[in-house]
Amino acid sequence: MAEPLLDARGLWKTYGQVEALRGAGFTVYPGEVVALIGDNGAGKSTLVKTLVGAVSPDEGEILLDGRPVTFAGPRDAQRLGIETVYQDLALAADLDAAANLFLGRERVRPGLLGAFGVLDKRGMREHSVAAFAELGVELKDIDAPVATLSGGQRQSVAIARSVAWASRVVFMDEPTAALGVLQRGRVLDLIRRVRDRGVSTVLISHNMPEVLAVADRVEVLRLGRRVARFRAADTTLDELVAAMTGALATEDEEEA
Amino acid sequence: AGCGSSGGSGGSANGKSITFVAGNTGDPFYITMKCGAQAEASKLGEKFNATGSAEWNVPEQVSAVTSVTANRPAGVLISPVDPNSLQGPIRTLQSNGTKVAIVDTTLTDGSIGITRISSNNLQGGQKAADTMAQLVNGTGEVVVLTPDLTTTTTNARIQGFKQELSSKYPGLKIDDVRQVGDTAQGAASAVGDELSAHPGLVGIFTANSQTGEGVGTGLKNSGKQGSIKVVSFDAGPQQVAALKGGAVDALISQDPYGIGQQAVDQLVNALTKKPVNANIQTDLASITRDNVSDPSVARFLYKSDCSS
Amino acid sequence: MSAGPTSVPRGAALLWQRARGQNTLWTFLVLLVLVAVFSALRPDAFATTFEFKSIAVESAILVVLAVGQTFVIVTSGIDLSVGSVLIFSGVVAVRTMNGLDSSPNPGIGVVLAGGAAGLLAGLLWGIFNGIWVAKAKVPPLIVTLGTLGIALGLAQILTHGVDVGNVPSSLANSVGSGSVLGIPWLTVVAVLVVALAALALNTTRFGRYTRAVGSNEEAAARVGIRVDRHLIKVYALSGLLSGLAGVLNLAHYSSTTLTSGAQDNLNAIAAVVLGGTSLFGGVGTVIGTVIGVFIPAVLQSGFTILQVQSFWQTVAVGAVLILAVYFDQLRRRRRSNR
Amino acid sequence: MAEPLLDARGLWKTYGQVEALRGAGFTVYPGEVVALIGDNGAGKSTLVKTLVGAVSPDEGEILLDGRPVTFAGPRDAQRLGIETVYQDLALAADLDAAANLFLGRERVRPGLLGAFGVLDKRGMREHSVAAFAELGVELKDIDAPVATLSGGQRQSVAIARSVAWASRVVFMDEPTAALGVLQRGRVLDLIRRVRDRGVSTVLISHNMPEVLAVADRVEVLRLGRRVARFRAADTTLDELVAAMTGALATEDEEEA
Amino acid sequence: MSAGPTSVPRGAALLWQRARGQNTLWTFLVLLVLVAVFSALRPDAFATTFEFKSIAVESAILVVLAVGQTFVIVTSGIDLSVGSVLIFSGVVAVRTMNGLDSSPNPGIGVVLAGGAAGLLAGLLWGIFNGIWVAKAKVPPLIVTLGTLGIALGLAQILTHGVDVGNVPSSLANSVGSGSVLGIPWLTVVAVLVVALAALALNTTRFGRYTRAVGSNEEAAARVGIRVDRHLIKVYALSGLLSGLAGVLNLAHYSSTTLTSGAQDNLNAIAAVVLGGTSLFGGVGTVIGTVIGVFIPAVLQSGFTILQVQSFWQTVAVGAVLILAVYFDQLRRRRRSNR
């Protein structure tokens, strides 16, 4: 296999008395879809947050293209082309969908106005309508604050945002959890299209059929540690469940 | 309540309106001044009303003056809370045709107003120092409580107090001049701390009526009533009660009623083109437990409403 | 630690629990250090029973106000009206006493009636606040800023803006400046209020609903808690305690102190937050609030005793406020999140 | 079929310019599991909220045991044995799991202390540990505020709460969306056990296999209206999807 | 409405958008009604250019403060220090002028230098606040309550508590009380500040980040907005405007007005909230804030002109505050949620 795009080793993260990560590792290869699965509380969300700079690990190292990196914040990761859909979505509830899609990357008007930071609201809104349509999401009122959207609509906003800006890896923490059947299909299509564009996707999901349908590889986290890796084509649902519940351990993470 | 009341009969009556702008509407000193002005106005047949803010506060008084200006009264007597800030608004007031009498506190520009009427505050401070020296036999530490250091009258009193001590009573030392705000509570709270800070304390001088009201309470709360001598400027009802009750030993009192009367007289003179007295100093009295009931000092005792 | 048998996490949990209980630890240390420093600098003046007593007495009224404020802030509300309600209640109390018997020393019945009237006045203002907050959904800051003006204005109208000083001497000499068994009355009252309030917040259903409402009002409503009624109760409690503070204030200063109290609200809020209660609601302790009252009080007294110019006190209280909360935050952040 | 336990007709609900419910109906029979399905934004969550008193409909009627009822708030519905797991969970984040489980129904100490409202914290905690264990959820720190729990752990707290108190109907709005494979199985088991106890369950889910596995009946909502009802045994995945997307309409709601 | 072609929702959306833009409509009506009533009662005194001008002038300083406060509150913060920073900046400005040239009428250069020093002083306090809020994560209420004390104390120390009245007459007569083309300088400055601020909040990236941070700080940080820097900028803006207000105050009152300004912070906050800005952040308008300043100002002036006892003004302002926000809430609730 190729050189890993992103390789994390020996990550530890403790919250008070709770050890969320206990020497976890994780690998992403270029242009693949890799699923990260595990029981509730296994540490998946925490792991993702450490990999995208939203949380700093207590210990451990992250290699990007083989070189160690440290992220002071999500901004650092984004600059390197890494985007994230968080499990709790993290939208600005008082802003509308378009404003959220462009948040932190606003388009400004040309010329002098732009120099003063005057926004190109219209351009951004038009672009947003198109982006949401691609995901099969119809917003009845594009100017409504996202606080008033349905659960699935909100999730779509977060997904559209991450995909729009990622150039290397997109992390999606249970992106389809609240989606309808149609929208779920669109997101899985989107993930495949993103991969074809050469961008890797990390998909966290509790839906095993979905995982097996879209992922190239699967990594399994249990009690804060990576316990197994599979090629999706070579594994079965039962094997995945066994790994998650501890009935089967194909590898045990090196101690940090 | 508190607004216009008019006479209607009396002498040169032509029903002109006169407005009083107090420095602190709740202070017995200004209430008494209002009573004097009101009585005089009604005697002369002029309309009278009073305004001002409940606190010693520059912007509030400025906006009060502005609103008064809109009403275009014939005459205004005002006690400016700041020597500079009020100059502009009062000039505007004058240029709109209103005659102005400056009472009690003063402005930096001494030419504003048709007359300036107040006690001789410097002398009052000296009087306070003499009284204090007598009470404590000329030796020990004293502290001064004052609302702030931005008011012309209280500053003059403190200056007089200091001058007199340094020239006549070398044994008396001022340990602290403390700003406690123009409230009784501020003064009351400060007393306990001052007692702890100055174990050798023998006397307290308070520079106006609000601080004077608080000091008695403060001493009572710390159980030092009587053992610390207190000389207090002004003679509001609570101060008089404290004097009678022994918490305070002497009051240096002004004649606010007279200030109010005379200010109205001068305004009416100006309005009727009679000669005006440009500067007037009113009397001060030193009140102790011995003379507090004398009829001669009765006019130096302040009121908390005009009917009493 | 492994996710093994429940006994292991239980032990750890207890430890954590205990540590969380010590949210107020740091601020308490600040208080101790201040006392130690001032005592060392002026043992003769500061480290005396007289001074400790006077700090305790001068703080008692603010403690009573701040305890009520604690409950309000735990619901994620705020009560800016406490200072005005204090003054209004004092006016009602003294007016009632004078109305029933205008002699300088009326009987105990009259004094009690006046005190009760003051408490009732406070309670009614609290209910008024609560109704606007809970039923009309006006933000608490606005409601209580409005009440601040209304109550103060009415107090001034009732008195024509002139302090009423005609306070019965039996009240002034007992509750106002007297002692029981050597402990000042004001302190006794404050300690009782603190003890009851701490129990109520920590161990009762009332306390739990207060936290729940502050944590997530929507969630509380959805499980069937009558959020509106509970909020009214909490504001009523704050009003009642402001009324009590008003009666104490009247007794202590023998005056209605009409023009004071403008800063009482901010002082009470500062005490609550200094004591570790979150302005976002859901979390808070009564004991912390008490510490939060004493830090500025000790600074104030200590500085006066050291004869530092009073302006420096203002500066120092401000600086300590920021620093104490900062170190407390630091410690908490280190202990848990991120 | 028996008399409906709960029958709603002609419900309308408008938010600003958005019509979330447009004459929707919904029926629950005693002792059944009924799934409520529909696309994102179809109005499912809004419908549930109107049925449990959390939102008042602009129009329409709700019959309980054939008699019209109006709920002034969730409290009214709860008093009649109706409990809810909301899509946004609605937990008090600063309180611990046990406090949330008993929120609004605290146990007090016996005797005088109880009269003053003093809580029986210990009793409630012990009961909670058992309730969570039944759901296969392990909380590493039972005293931690629920704000610090993982997504699935929080969902389990909400589920445990509703099941503990329901005597007639439990509404669950996407209860398994964030759950792991194991926990999802437990919840489905729990739903069946609840039904066997005689309590009806309304399950909202976008997971069709799950719906078909556990539901007795399925009702489909589309654009704020009920468009189809099925017996689960007689239908197929494709038929459900067709109904949701509007490709198939078996019934069209009576106009309100 | 159907979920048909996008054109239909777009039209509706525009309508809704417009309605939302009118959040401040109700409060504006309240203001109009007040003006109408007072004008009808005393057309000779109230409905005059003189009176309107005076209200505009007397409100100008508060407008400048409240505009800064609006940005802070939209980030879900609060700035209690504005009144103290105002005074501190005034002191720095006049001290600078006097230091450079102590004659009563120094040259324009000196006046400008003093003004700049005042602005700088305000800006520095704002940055100070911002750093503690954004970097040290101390709650804004605490930071700015601390700064309130520190800035005020230092201003008093700098002046020994004595108002500096030595304000150059060129400043006092121009900016302080002069006019350009018949419009008072103070009003001109306030209008400029309002216009720029409204544009910044509504149309620029700076404004959008301000809302985003107030809406969900975590979310803003996760999309890469430098929340800490942005917060520092917002508090710096509030400080800068307080500094400007300080210079205007100095010019207008020819004095440092050391003992005033204690209520400035609450007045500014009331104006912001009266203007429809949410204390929970994320939502707000500058124009609303301006209306929020004028309602109490009009009440105040109207009552004084009607010679209503000043205490009733306090009551009325409080009552209008609650009622105006109440009706605004009602209207909004009817329009959207639940």
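Note that the chains take the letters A, B, C, D and E in the order they are written out, and that residue 1 is the start of every chain.
Quick note on the criterion: a residue touches a chain if its C-beta (ideal position, glycine included) is under 8 Å from a C-beta of that chain, and two chains touch if they have at least 3 such contacts.
Composition by chain, UniProt nomenclature: A, D = Simple sugar transport system ATP-binding protein; C, E = Ribose transport system permease protein.
It should be emphasised that the depicted structure is a prediction, and the values quoted were computed from it without experimental measurement.
Touch-path distance (fewest steps) from subunit A to subunit B is 2. Touching subunit B and subunit C together: E. Note: centroid distance subunit A to subunit E, computed from Cα atoms, is 42 Å. Taking each chain's centre as the average of its CA atoms, subunit B and subunit E sit 35 Å apart. Taking the mean of the C-alpha atoms as each chain's centre, subunit C and subunit E sit 30 Å apart.
Shown for subunit B are the residues in touch with two or more other chains, namely 1-2, 25, 54, 179. Taken residue by residue, subunit D touches two or more other chains at 15-17, 138, 140-141, 144, 148, whereas all remaining positions touch fewer.
Those residues of subunit E in touch with two or more other chains are numbered 1, 3, 9, 12-13, 16, 161, 309, 311, 336.
Subunit C makes touch with subunit B in their complex at residues 44-46, 48, 50-51, 54, 57-58, 156, 160-163, 165, 172, 176-177, 252-255, 257-261, 300-301, 304-307, 310. Looking at the complex, you find that subunit B touches subunit C at residues 1-2, 24-26, 28, 31, 54-55, 175-176, 178-179, 182-186, 188-190, 192-197, 199, 210, 213-214, 217, 220-223, 237-238, 241, 304-305. Contact residues on subunit E toward subunit A in their complex (touch as defined above): 1, 3, 6, 9-10, 12-14, 16-17, 203-206, 208, 211-212, 214-216, 218-226, 281-283, 336. Against subunit A, the residues of subunit D that register as touching in their complex are 15-18, 38-42, 45, 87-88, 137-138, 140-141, 144, 148-153, 156, 174, 177-184, 206-209, 241, 244-245.
The residues of subunit B lying in touch with subunit E in their complex are 1-4, 25, 49, 51-54, 56-60, 62-64, 66-72, 82-85, 87-88, 108, 148-150, 179, 181.
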